[in-house]
Structure formats: C-alpha cells, structure tokens
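One chain, subunit A, appears in both complexes that follow, with subunit B as partner in the first and subunit C in the second.
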Partner chain A sequence: MKEEVLLAAIQRRKVRDRWFTGFLMGMGFFTLLPLFMIMIAVLWNGWRQLFTLSVALAAAGTAEVTALSLVVSVPFGVGLGLYLCDDRGTATANVIRHVANFLSGLPSLLIGMAVYEWLVAPMESRSLVAGSVALAVMAVPYIARETENKLCSRTAWFHDGALAIGASRYQAWTRIALPLLARPLVAAILFSSAHMLGETAPLLFTAGGGRSALRGVFAPVPTLQLRVYGDALTARPSLAGQVYAGALGLTIFTLVIFMLAKWIEYSDAR
Partner chain B sequence: MGNTLRSELLSAFYGKQQVLHRVTLSAPEHQVTTIIGPTGSGKTTFVRCLNRLHETTPGARLEGDVWLGDVNLYALDPIIVRRKVGMVFQTPNPFPTLSIFENVASGVRLNGIRNKTVISEQVEKSLRLCSLWEEVKTILHQSVSPLTRGQQQRLCVARALAIEPVVLIFDEPTLTLDPLSALRIEELIEDLKRRYTIILVTNNLQQAARVADLTALLLNGELVEQGPPAELFTRPSDKRTEDYLTGRFG
Partner chain C sequence: MKAPRVHASDRLFVAFLFMFAVFLVALFVAVGFALFRGAWPTLIANPVAHLAGERWVPAQGWFGVAYFLYGTLISSFVGMVFASVVGVGTALLLTQFAHTFAVKAIRALIDVMSVIPSVVYGVWGLFALAPWLRFMPAGLMAAGLILGVMVLPTLIVTVGKMMDSVPQELVDGALALGATRTEKVRIIILPYARIGIIGAIFLCFGRALGEAVAVALVIGSAHGASRSWFAPGNTLASLIAKQFFSADTPLLRSSLYEVGLLLAFVYTVFYIASKLLVWRVSRRVGAV
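Coming up: the complex of A and B.
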C-alpha cells in the first residue's frame, strides 16, 4: 500500500515537472518570437535594396564612426578599469565607479546633446569625430566595468605572482595581468561596439548625415542608424524599402560583431 | 645577524579588523622556519607582511617592523623588499601566456636586465636548482600548460630564485599537489636551505616535523609558541599548542 502511494506521488511530480518544463519552453519561445518576427520582416522587406549605393555609404559611415569611437573609448575604458581594480576599496575609486555607472545609465540623448555643446557647436558642423566621441562616452563605462571585473576576478593570482618577483604595480598590470585578458577584453570591446550600433539618439545631434562617408573626420557622416531614422520620418512609401535595407544592414553588422565576440570568448574559454 | 628575518611586534589589520597581534618571530638564515596553525589563524597574512604584499590589499595596514639582518624592510621601497624576499604561493601560478623560459626570465627582465646571455644563464641556473632543468630543457620555449602541477610549482620556485632573493617564503606550497609532487617540493626546500633563509607555511604537521628546523604556532593571529619541532611537538609548553597538536581544534 505504502509503495503505491509513493509511486503515485512520484507520478504526480513527473507530470508537474513536465508542465513546468513546458511552461519555461513557452516563455522562451514567446521571448524569441518578436526577435524572429523582426528579423523576418527586415529580411523580407530589406534585402532587395541592401546592395544600393546609399546603404553602402551609410554602412561605411557606420563602420567609420564605430571604429573611431573604439579608438577613443578603448584606452580610456581599459585605463579606467585598470585604475578601479588597482585602487578597489578606496573612496576615490568608489566615487569614480558610481559616476561611471551613472553615466552608463544616462539617456543616450543627453550624451548626444552634451557632445553637441562640446564639439558640434564650436566646430559649427556635425562630424564623424563628434559622432565617435558621443558613442565613445557611452562605451567607456561599459569597457571600464568589464576590464575591472575581469582583471580583479581572473588575474589576482598572477598579479600577486608578478609583485612577488619585484614587479611594480604598473608592470604587474600591464606586462602580466592585461596580456592574460587580451581575448576576453577584445570580446568585451566588440560587445560594446555591438551595443553602440543600436544607438541613434547621440548620432542625431553629432554625426550629421550627408551622402558621402569619405569626406574626412571633421565632415558630417551618414550612418545606417540615421539613414533608417531619417527615411522613416519622411513616411514616404517609396522609401520603405530603403528603411528596411538600412535596418537589415544594421542587423547584419550587429550579428557579425556579436558572433565574432562570442567566438573569441569561446576560444578563450577553451 | 646575516640574513635572519625577524618580525617585531607585528600587527596587521584589514580595515578595523585586527588579524595579527604583535607577533615577534625570528627566522634564522640557512634554516627552515615553519609556521603552523589552523585555517584563519593569520599565517598567510603574516608571511605577506614579511615581503610587503599585505599592503597591496585595499584597506590593509600594519604596525611593527620587519628586519632582514640589520635592515628594516619597512624603511625600503617595497619593490626592493620583494626582490630580497621571494614568495611561492599555495596554487602554482606560472604566467600562462609566457613560455617556460620566459616565466623564469620574467623576474630577471622585470628587474631591468636585458643581456640575453645573462638571462639564459640565470634561467638555467634557477631551473637546475629546482631540479627541473633536465625535465624541461627540450621544451623551454613551449607553453607551461603541459607541465604537471608539481612541475609548475617548481617552475614558480625557479621564477622566484631567478631574481636571487635572500629569503624564500613558501605559503602552503604543497596544498594542491599530489603526495609525490609534494615530496619533491619538500626535498627542494631541504636543498635550498643551504643557500637561503626559508619560511614555510603549512597546515600539515607531518610536513612541518619533517622539514622544519624551527616551528611556530599561530592561533587567532597570536604567536602561541615557537621552538625546535622535536621540542614543540613532544613537549609543548602551552596548553593551546597541545590542544592543536592533539586535534582538539583546527
């Protein structure tokens, strides 16, 4: 009798487990559904005009503005992360960390407005460099946080090892600890650039637009984000294909960078 | 005085928490001084104070002095102190991005020596001292990852020796090693004491009895008792030592 009761209880648990697994899978499906719908809509409506000159120029502009923003943000972000890890626990480091976190939580529109005041207004023109600085301001806190976390959690042993053989703090970080993190940091930097590709607001105030991506760093530059935004605002049906093509370009950009970052992460974990 | 390492009334703190209480201890040259004690008794903090690694921990501070012979180590630059007082850690920590050769050479290079012949000689000498040369001489420029943990730990000893310290601190160096590798490290410590002042932190009482010339028991950050192991293990003068040795705690 007792065994029957036990078996019935186990059976009930199994049924509940199956329901619960099904519920979780359903949640996962509904989370992914919008993403797939967006992907299908963008692919279906955008692929015909993907290989046009205007999309190609905007893609080139996006690549330029992202690359230049990394040139600006990586030294500052890695340097700040290094400082925050080296000085962890001190009041100064805590204040700087909170300010950086606050900065990363600011609406990107505000950052665009600030860079407009700092660079666009004095130069009297939106430009590639202003767009890059706006994106860099957004990327620095992210890169700093990733650098700090990775340095402190993954290299403490080796950092101590370097100090114990007479390295200075600077040598221990730059010659021993940082090279250990080369791959994960490159992955984090790529993730930050993928994140920046989703930002339109700061570029609205700073990058400008125009039709050519090759007019130099102080000239306005077209980007895919601005192309999509600008064409969508006109609400002309004839430009719908252009809007979708721009969105598809952005999606491809993001996907490629994301997959590259994932591959680097994976190869580092091995 | 020579190369005797001596702490005088050494107290260490993490923030407001005091973890060492006025520890005065001498580690004579050419002898192995073992520090024993249960987990959390302050052994690692104590040895990190000796080579001034303690102060690299945020919020850490210290009172008291450490003398090497007649030189106060807290009056020197910490980088110079760490060149004189080498350290080997619990877990082997060779630098994974460097080759075997570069691991040993790293300390020499970090200390400003650029001459390739000098560096090569120093690497070979250090690896020979650790009885590792014959095992790695054909794979010197390969990564450290194929080495066993025991070999990696001896490589870390070689790395510490390459900068020619006068004191070597071993902080539970065999904790993560298999018995055979642990035995080789013990033999290495026996060998090295002819050249260096050695401090060995261990939780393993048998190991302390085997290799120590002098043993000290730390308990809750206090130095309870110190003396030759034969005496301390058989005729402890403090009840707490007897309790620890007989397994009543720790």
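Coming up: the complex of A and C.
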C-alpha cells in the first residue's frame, strides 16, 4: 500500500515536470513568434517596391552615414577596449567601464539631441557629419565593451606569457594579442554596425532627410531609417507598400552585415 | 594583472591608452553639458514649476509633463510584464531544459531578433499588429507590447547569464536527491538567481523607457486627453521624437530639452537600481 502511494507521488511530480516543460516551450514559441511575423510581413508587403530608386538612394545614404561613423568610432572604441583590459581591476578602469555602460544604455534619442546642440544648431543644417557623429557616440561604448570581452577572455594567457618573457606592454598587445584577435575584432565591429543600423532615434534630428543623393558631408542625407519612419508616421495605408519596402531594405542590409559577422566569428572559432 | 614596468616605453603606452579613457569621460560630459545647455533658458527660470501640471499646450505656454511621465512608466511597465514572463520562461528553457541543438537554433534566432531595427518593429506594430488586434488600437498598451518584444532578446541573454551563475554543486546536489528539472528550477535556480533576474528586468526597463521611434509609431498621439491604457497617448521619448524638429519657438525647444533631462534622470534611476541589484549578486557569488 505504501509503495503505491509513493509511486503515485512520483508520477504526480513527473506529470508536473512535463506540464512545466510544455509551458516553457510555449514561452519560447512566444519569443520567436514576433520574429517570424515581422519577417513574413516585411517580405510579403515589401518586395514589390524594393528595387526602386528611392530605396537605393536611401540605402546608399545609410551606408555612408554608418561607414563615416565607423571611421571615428573604431579607433576610439578599440583603444578604449584596450585600456579597459590593460588596466583591468583598478578603480579607474571600473569607473570608466561604468561610464561606458551608462552611455551605451542611454536613450539614443538624447544623444541625437546633444549632437543637435553641438553640431546641427551652429551649422544651421542637418548633415551627414552630424548623423555620423551621433552614431559614433553610440558605437564607441559598444565596440569598447566587445573589444574588452574578446581581449580579456581569449588572449590573456598569451598576453601574460609575452610579458613574462620580457616583452613590453606595447609589444604584448600589438605583436601577440591583437593579431590573434584580428578576426573577432572585425566581427565585433560588424556586430556594432548592425546595431547602429537598427538605431533611428539618433539620426532623427541630425542626419536630415530629403530624397536626393549625396551632396557632400555637410548637407542632409537621406537614410532608410528616416525614410521608413517619416512615411510610416503619416500612417496612410496607401504608403504602406513603400514603408514596407524601406523596412525590408533596412532589414536585409542589417541581416547581411550580421550574417557576415557571424560567419567570421564561426570560422574563427573552428 | 599588473605587470611590472620594465620597459621605458610602457609608460608612454599606458599614457596613450589612458587618453582613450579621458576621451570617453569627455564624451560623457559633452553629452550631459549639451542637454543642460539646451534646457538652460527654462532651467534657470523655474525648472520644476515649468514642467509641473498635466497639460501640454505649447502655444499657450503650458508645458506640463505629468501625463507623459505616466505614459512612459505605464507603457514600459506593460512591456516589462510581458517580457518578464516570456523572457524568464525562455531563459529557463534555454539554460535548463532544451537539447543542445534546440538551444543553438533558438539562440541564433534571438540574436537575429536583437539586430532587427527598431523602426521595423514600429512599422510592424503600426501596420500589421494594430489592425490585427482590433480590440486594442494605438495606445499605451500597443506601445507596451512592442517594447516588450523589443527588449526580449536583451532580457533573455541577461537573465540567462544570471541563471548560469548558479553554482553547479547546488544543482548537482538537488539532482542527486532525485529532484525533477522543475523542482530543480523551483528550489535552486529561481531562489538563487532571483535578485539577479530582478536586476536584469530593471536594466531592460531602463532601455524600454528611452525607446522613441517604435513607440512614436504605435502610440498614436495625444497630449493628456485620456488616462486609459487603450487610448492614444505619448511618452517622454515619443513626445520629443515627434515635436523636437518642428519646434519653432526657443521656449518649446528648451522645454523639450528639459523633458530630455527628465528622461535621462528616470533612466539613471533604473540604471543605478539594476547595478546595485546585480552588484549584490556578484558579491555573493564571489563569496561562495
């Protein structure tokens, strides 16, 4: 009799375990559902108007803004990451890491407003430069954190070994650690570009708009993000196709860079 | 990892690296200073009274932001309730339940989710989700749902890290005593990682507060008409996103900068709260 009671209790616990597993699978399904819905909606509604001149121009503008911002943010981001790893454990480095974390989570809209105050208002025009600076301000902490993670976790032994046999710090970083990390760093920079492409708010007040192509770095530049946002804000169903085409272009752009980064990371890990 | 400075060049190199740290601090100060400078005209007059009140009618000189603060907190709260339930569940699934292949596949898809541009989420919410959910028109609730979906990837990764930090001895002990996986989660994982999970949720709350573009698209537009969660509204961020560039008077512009400062303040509160919680956990993990 007692055995039966025990067996029933075990059975109950097993059933409960199964129910809970099912519940968690449901949660996983809910997590991924929006992704599939977005992909389907954007592809289905956007592909017809994807290959138009205005989408191409805006895509070119997006590429210009992102590329120009990388010119600034990569050296500073990687340098900052090197500092954080080299000085790891000291109070100063901890403070700096907090500042970087704080900045990378700061509402990106505020960065756009700050750049507006510094660049757009004095120059009296939104411009490619201002948009790039806004994106760069966002990217520096991100790249720094990625660099630090990669540097400190993966090459610490090699780096310490180099120091132990008498290399200078400069040699240990530039001859040993950085060459080992060339690929992961490129991947990290691509990841951060993908994240920058996802940001619209910092461009809102800085990059400008218009529908023309590049007219120089001090002139407004059309970008996919702003075009999609501007058209969508009118909420006119007649513009929906156009909006979706822009969104599809932006998504493809982002995903291509993201996949490239993943591929580099994967090929490096092997 | 302090290496002895045996090389003369080390001093120079360390100074060179330190320059980047100084640069970051300068950047931080520059951003803060720019926001204060923008808000200066209204800040020196009477900062608190200027933004007090419920009505935002710039033409008549009313700049009350109480309603937008309410909208910001409510929409983020709705988003975080949704994201916490789904996100913690998914993180449990990934760290404790799923098989290796499923974990890899789901993680890869969550990574993809985290790079989808915010404006695409907004467009999807506006054109696809809103008509589909006819009972739920543009408003705080719709904005909250979009925010919840947007912070999910970050939340899952952060919460997953907290769950991974549970010492393996405890888990093994529970399993050795015959616990099912569910019991392991209930007795070991959740109690141990609880504070870290709450910290991660706070961090994502801070992220959700500042999201402007997607929210601006789905939230409709209203300046304090209704308190309903289902009516069009506005948040601090969406208000700035919509009105900043068309702001034609210096007074309105500097008021919007002041709204920006308020947003930065709310973000800072959540940031510090989350850091304190995570710090508590990491101190305890270090002690074990």
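We take it that the second predicted complex is superposed on the first by the 241 of 270 C-alpha atoms of A that agree within 3 Å, B and C clash if a C-alpha of one lies under 4 Å from a C-alpha of the other, contacts with A are read in each partner's own complex, and residues count from 1 in each chain.
Going forward, a residue touches a chain if its C-beta (ideal position, glycine included) is under 8 Å from a C-beta of that chain, and two chains touch if they have at least 3 such contacts.
These numbers come from a predicted model, not from an experiment.
Which of subunit B and subunit C touches more residues of subunit A is settled by the count: it is C. Contacts of A:S168 after superposition: both subunit B and subunit C are touched. Look at A:D160: by the touch rule set out above, it reaches both subunit B and subunit C.
When the two structures are aligned on the shared chain, A:A41 is found in touch with subunit C, with no touch to subunit B.
Legend: residue contacts after superposition of the two complexes on their common chain; A:F218 is shown touching neither subunit B nor subunit C. Once the two complexes are overlaid on the shared chain, A:I176 sits against subunit B while remaining clear of subunit C. Applying the stated contact rule after C-alpha superposition, one finds that A:R88 touches each of subunit B and subunit C.
Of the two partner chains, subunit C is the only one touched by A:E199; subunit B is not.
Comparing which residues of subunit A touch subunit B with which touch subunit C, the overlap comprises 87-89, 160, 163, 166, 168-169. Listing the residues of subunit A that touch subunit C in their complex gives 13-14, 16-17, 20-21, 23-28, 30-32, 34-35, 37-38, 41-42, 45, 76, 79-80, 82-84, 86-89, 92-93, 96, 98-100, 102-103, 105-111, 113-118, 137, 140-141, 144, 156, 160, 163, 166, 168-170, 173, 191, 194-195, 197-201, 204-205, 225, 228-229, 232-233, 235, 237, 240, 243-244, 247, 250-251, 254-255, 258, 262. Against subunit B, the residues of subunit A that register as touching in their complex are 87-90, 157-158, 160-169, 171, 175-176, 179-180, 182.
On the side of subunit C, the complex with subunit A involves touching residues 1-3, 5-7, 9-10, 13-14, 17-21, 23-25, 27-28, 30-31, 34-35, 37-38, 85-87, 89-90, 92-94, 97-98, 106, 108-113, 115-124, 126-129, 149, 152, 156, 180-183, 185, 203, 206-207, 209-213, 216-217, 237, 240-242, 244-245, 256-257, 260, 263-264, 267-268, 271, 275. The residues of subunit B lying in touch with subunit A in their complex are 51, 53, 56, 58-59, 79-80, 82-83, 86-87, 89, 91, 93-97, 106-107, 110-111, 156, 159-160, 162-163.
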